[in-house]
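Shared chain: chain A. Partners: chain B in the first complex, chain C in the second.
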Partner chain A sequence: MVTNTKEVKGKDICVQRVSPEEKRELAYKDDVCVGCGICAKICPTEAIELGEIGAIERTGVDESKISIDETKCVLCGMCSSPCPVDALDLKLDEKSIKDMAEYPKLIKSAEISDDLCIYCKACETACPRDAITIARILPERSKLVTGEIEIDKDTCISCGICEEMCPADAIEMEHHEPTSSDPTVSSDIKVDKEKCVYCLICRKSCPVDAIKAVCRSCSYGDYDLNPEDTETTGSSFIDEEACVNCGWCQEICPVDAAKVEKAFEGELTINQDKCEACGTCVDICPCNVLSFPEEEFGVQGDKLQADERFCIYCGACENACPVEAIDVKRTAVKHTPTKSKSWEKQLSELKTQT
Partner chain B sequence: MVELKVDQDKCLGCGNCVVACPVNGSISPEVASGHGSKTEETIMMVENGLIKLFNPDKCTKCGTCPLFCPTDAIFLE
Partner chain C sequence: MPKHIVSGLKYLTAVELIREGLSQKEVAKILEIDRSTVSHYLNGRNLSWNSIEVAEIITKFCPKDFLTLTYALLNDSEKTRVIVKTCSKKSYKGSVEESCIGCGLCVDTCLLNAIVLDDLKARVDSDWCNGCNMCRDVCPTDSIKILEVNNGY
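Here is the complex of A and B:
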């Protein structure tokens, strides 16, 4: 009889069974796992157990968030299909069942349209999983403001006032110490036209009127500005492994460039009478859904609040709550079709259990 | 298996853990508001100036008490 083998690397787990006919391999990535426990609930052989997520996430207990009993696991892959963050993956002969049409997989996605994106980075800042990277190329400042500047070196007394006042650090002088061979302070003065913003502060502050400068925008407005020169360009990147499809990017984007599709629909209810405001759920939630809003400025409140726009209904908060003050209900589980009645049934049961 | 443990040598007897513990609060609400427990049903209490576990089996390992302990005298391991 071919038996399963288990390999533990750090906190990652791999259960394998290699037979002459096929190789089955279940891989678990702990850094991707959010500790929701859906795998443990759906496992038909009770081979998966959810760890003490509160202790692990909050006090640094050095354990995997789930454990897999390889003697019970039948490598069916039912745990990997509904995993909302793809921390589990079953491979048959090196091919993931998530890439096989006969196996159901959750319908979820997150994307940012580079056509619409204005690279403001709001999504990158808001993403609770640090899954978004916005790389942007700013317009060249020298193309946005143009003008003329000239310093009459014969008039200039090398006082350095313009250099000290220039807000763009565009003026540089070589300060000359007087010597017996050259008993002057006369210094060379240079203007970096890439840095100069033609604010004219140098001209206005020069005590001997040695600077002639004019700003073209002030004189002529924006008529000679090339619109392309003003644009910030760039690209966006979502790390699919880190993304949990929470929807923060979609909600915060000012130009509707981010679109998120969630696999689960549902409802999150807080029982305020039971809540002891311990904050476990706030620390556990992978989506930054829960918080204790300030009651007044600077005073931390103790009334738990949820913003369901960002909830993926994974149920991690409910499992971690020590006093059963949170109830997460799933009302829809969206997945690709499967012909298997048992898989269909197990997936649909996720609607009633969390 | 993660367990709730105490190190009485480190304990200052401040009672932060007793007050912070959400399970204690749900068993004995006066504890959550900073008073002594009226029952021995809570998970832990300060007795003779030191922390003592009365009902560690009720602990859900949420990790709240270690966050409030100033000396790491209560921990999950």
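Here is the complex of A and C:
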């Protein structure tokens, strides 16, 4: 008789069934889980139960967001398929069912086009899951502004004013202490032309007019600038495990380089009469959808507001709300096709019945 | 004693396979015994009639008991399959309803390897099913029906 084994590592759970035919392994990662409870809803054997996620989130208690009863679990994988954040994964002989065509999976994606991206990092800053990394390569400063600079060492009195004034740290002096054999204040003065931006501050501030400098851009304009030299290049990276496809990057991108496809469509309704402004929903929401906007400057408001542009309709806020003030409806669940009638039916039942 | 019962079961299987037209060599290979042993079996030598009687009684157990007992005695999947299938006189047909979720519990349970998953749905291979009903018993969605198709002999 084949039986399941369960292994709990910290808050992560692993249920296994090994037979001579195959090895089935369901792995749950608690740090990825957002507490939406979709797994518990779809489980055909009622093996999964969602915990008190509001309390777990707010107290930081050492408890998993879901529990799996290994005596009820049959390792079918139906929980892993619609998990919006891939916190659950079923592997058959070490291969994830998400890589198998016969198993349906949610149609969701997030990508940043390197052709369009200008590496402004707006998405990196806005991403509520810190899933985006923008690595940028800045243009060389010396190629953006050119000119000429010359210091007349005979006139220079080595006062060091130019060195102190230079905003680009391009001037460096090496002072020599006066001695009886050479009773003058002297120094080596060097201009780093890679750093110099020809702002002419040194020339203007020199008390003895020892510096001759000219900026080519100021004199002739930018005609000799190579457009390629002015470009910031780089690369973007989205951590798929952390990404929840919330759409913040898409909304905030100034050049439409980020594209997000969401698996669920729906509607989020707040019952302001019931809401007691405890803020649990704000804490649990993986997408920064919910907030209490300031009523006046510096004063935290108590009227809950939702920006549905960023909502993935996972329903975690509804689960966490202690006074049932939030209602999340799912009207569409987009997934790849499956020939299994039972999977089709269970997935379609994730839509809110009306 | 278990050894003798196994010999009895192999004897019954060898006789039946020869009747089905297999050569002694083929039978020896399938049952992993010497060809001379097959020959002895067929001549009624080197085997007590008691062993054969006990084996015959076992083959007439209900399909589940016959299968599980044989598997327990042999502890070998392939030989269990051959012996049980050859000595079972009845045919069965399994049907799987659309409510099947493709969990594969039946696949892992079936000692005769008669079930496979096709597009997240179990399919029972009637050629191998011996009607033990263990798949039906473990199915979490009650999706499997096993029916006897004729009474044979």
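The rule we apply is simple: the second predicted complex is superposed on the first by the 352 of 354 C-alpha atoms of A that agree within 3 Å, B and C clash if a C-alpha of one lies under 4 Å from a C-alpha of the other, contacts with A are read in each partner's own complex, and residues count from 1 in each chain.
By definition in this document, a contact is a pair of C-beta atoms (placed from the backbone, for glycine too) under 8 Å apart; a residue touches a chain by one contact, two chains touch by 3 or more.
The structure presented is a predicted model; accordingly, all values stated were derived computationally and were not measured.
Superposition of the two structures on chain A leaves chain B and chain C fitting side by side, clash-free. By the touch criterion defined above, A:315 lies against neither chain B nor chain C after alignment on the C-alpha atoms of chain A. When the two complexes are overlaid on their common chain A, residue A:84 makes contact with neither chain B nor chain C. Legend: residue contacts after superposition of the two complexes on their common chain; A:338 is shown touching chain C, with no touch to chain B.
Of the two partner chains placed by superposition, only chain C is touched by A:76; chain B is not. Of the two partner chains placed by the overlay, only chain C lies in contact with A:44; chain B stays clear of it.
Here's the short version: in the overlay, chain B gets within 28 Å of chain C at its closest Cα pair. Those residues of chain A that touch chain B in the complex are listed here as 51-52, 54-59, 61, 63, 274, 276-280, 283, 320-323.
Interface residues of chain B facing chain A in the complex, by the touch rule stated above, are 2, 20-23, 25-26, 32, 60-64, 66-67, 75-77. Within the complex formed with chain A, the chain C residues making contact are 77, 98-105, 107-109, 113, 119-121, 140-141. The residues of chain A lying in touch with chain C in their complex are 1-2, 17, 19-22, 24, 44-45, 74-78, 92, 102-103, 338-343, 346.
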